[in-house]
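Read through the structures below before going on.
Presented sequentially are two complexes of subunit A, the first with subunit B as partner and the second with subunit C.
What follows is the complex of A and B.
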């Protein structure tokens, strides 16, 4: 299945990209996919990174073909 | 009508003081309003380990952010008896001393408008996927985190 992963802020900086399409085999929860995407990235506090699946913050959800996933560092609006 | 229509919140660069004045002027014909409450977020020249912040470069997960802004609006209208509410947030580079957030609520009476504005600001800071790169005078940077 194909999943679009978007990276933002310090996660995009560490990954040196803002978006990629992953071709995944197997069953993943959002939390598992997040851990997978963050492997090897120089991020001090990986627990502070949230994952949104189709614009909803839910790390328990199972990833499906065609999902848009986003890795979001701590919010800093305002 | 005012409360249901999704509105574009993001503006490129700083929010100009003229925009605030114009927004106030645009509400003078709405004579059921007795109170406006305005919050303005301004970029502060924080000092971190001897370096001074000169600007914040804002980015966002825009599609999700616009959705969350809309949900916050819906929640605010359900919770408070406000006549209207407007939110503008900067994207891109905003220099110290410039404005990056403008929340403007109106109501018949002051307490409701003040509480609604406070609700908007707290919700925006907690829930909207906006990211801020604090740029120092030597062009190095750090990532802002809301407290």
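What follows is the complex of A and C.
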């Protein structure tokens, strides 16, 4: 299945891209997909990153073909 | 012709809406890149009262984005200068100045005196504090944060809607400020203006308030996206039941055998753990210098390395300490992990 992943803030920076299309095999929940996307990225606090699937914040939903996923770290600046 | 004529003409405002604005009290926490433009538009709109809370002083590096301040204001209190400027803009609005940080002790009491809170802060601790105090005081708050060229915006705790903890349940020590990452002045300008717009809609009861949604804006890519967020009732109930949850962000320092002296204020985060970490704010050094070991090397740190340099000067010149070493890059350079 094909899943579009959008990266934001320091996640986009660590991934060195703001978007990619992944070709995945198997069954994933959103939180499993998040963990997979963050492997190897230099992010100190991975727990703070939230995941939205099709513009809904939800880490328990099962990922399906064609989903659009967003990885959202918290921002502090003002 | 009334000064508010052009907004009263709108069906969403009208004379009734102007009356609502005239009785609205808004607390702005943090009068910086977000707070300055927000304060100017709310002042222009003719709200009744604006609380201006900031314990910081104007710095030359603020002027490119903190549009209320002039070169001649450098070194002066942001909250005081903001009040002076805004009074010139609209003498019908009352301003209350708070030259102190929002704390667990004062938050609920101050927020209770306002109808809505606008978050212009630059750190997670204060955002969680605003969130929890607004849950207890039952007030909505308008959140915004930026990271480089991106911004996040939402309205929390509005009519029993989701809160900041429903999006980000736990705080993080990845407290990355504009000072550290850089920012173009227009981005907080855009976000702060959007925050003012949300305040106006809340007060007027008009349009669609950005509650239950997180707006993401990328200024460089000229893109935006809105994410739906749901309430996590457990996160809200926990605060209602136990009160404001203190955000103590722990960290470990790299060398556990080394003595350290933290000269930051007690509310500054993260807080290093360890028996050999002393915490004495810069202003208390002349009273408490005797607590500092003088027979072995002590690393002195603050957030950026500036205050710790001053601290070493004071301790060396006034009390004869010769065993102190400055942590040039601030606390982030000595954290483990």
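The rule we apply is simple: the second predicted complex is superposed on the first by the 74 of 78 C-alpha atoms of A that agree within 3 Å, B and C clash if a C-alpha of one lies under 4 Å from a C-alpha of the other, contacts with A are read in each partner's own complex, and residues count from 1 in each chain.
In this section, contacts are C-beta pairs under 8 Å (C-beta built on N, C-alpha and C of every residue); 3 or more make two chains touch, one makes a residue touch a chain.
Predicted, not measured: the structure shown is a model, and the values here were computed from it.
Of the two partner chains, neither subunit B nor subunit C is touched by A:21. When the shared chain is aligned, subunit C comes close enough to touch A:44, but subunit B does not. Put simply, more of the residues of subunit A are touched by C, taking subunit B and subunit C as the two choices.
On subunit A, the surface touched by subunit B in one complex and the surface touched by subunit C in the other have residues 6, 8-10, 48, 52, 55, 70, 72-78 in common.
Taken in their complex, subunit A has these residues touching subunit B: 6, 8-10, 48, 52, 55, 70, 72-78.
Every residue of subunit C that touches subunit A in the complex is listed here, in rising order: 30, 32-35, 119-124, 127, 144-148, 150-152, 167-168, 170-178, 181, 183, 188, 214, 216, 218, 221, 225-230, 337. Contacts from subunit A toward subunit C in the complex involve residues 6, 8-10, 18, 43-45, 47-48, 50, 52, 55-58, 70, 72-78. The touching residues of subunit B, when paired with subunit A in their complex, are 41, 56, 58-61, 63-65, 67, 89, 100-101, 121, 124-133, 143-146.
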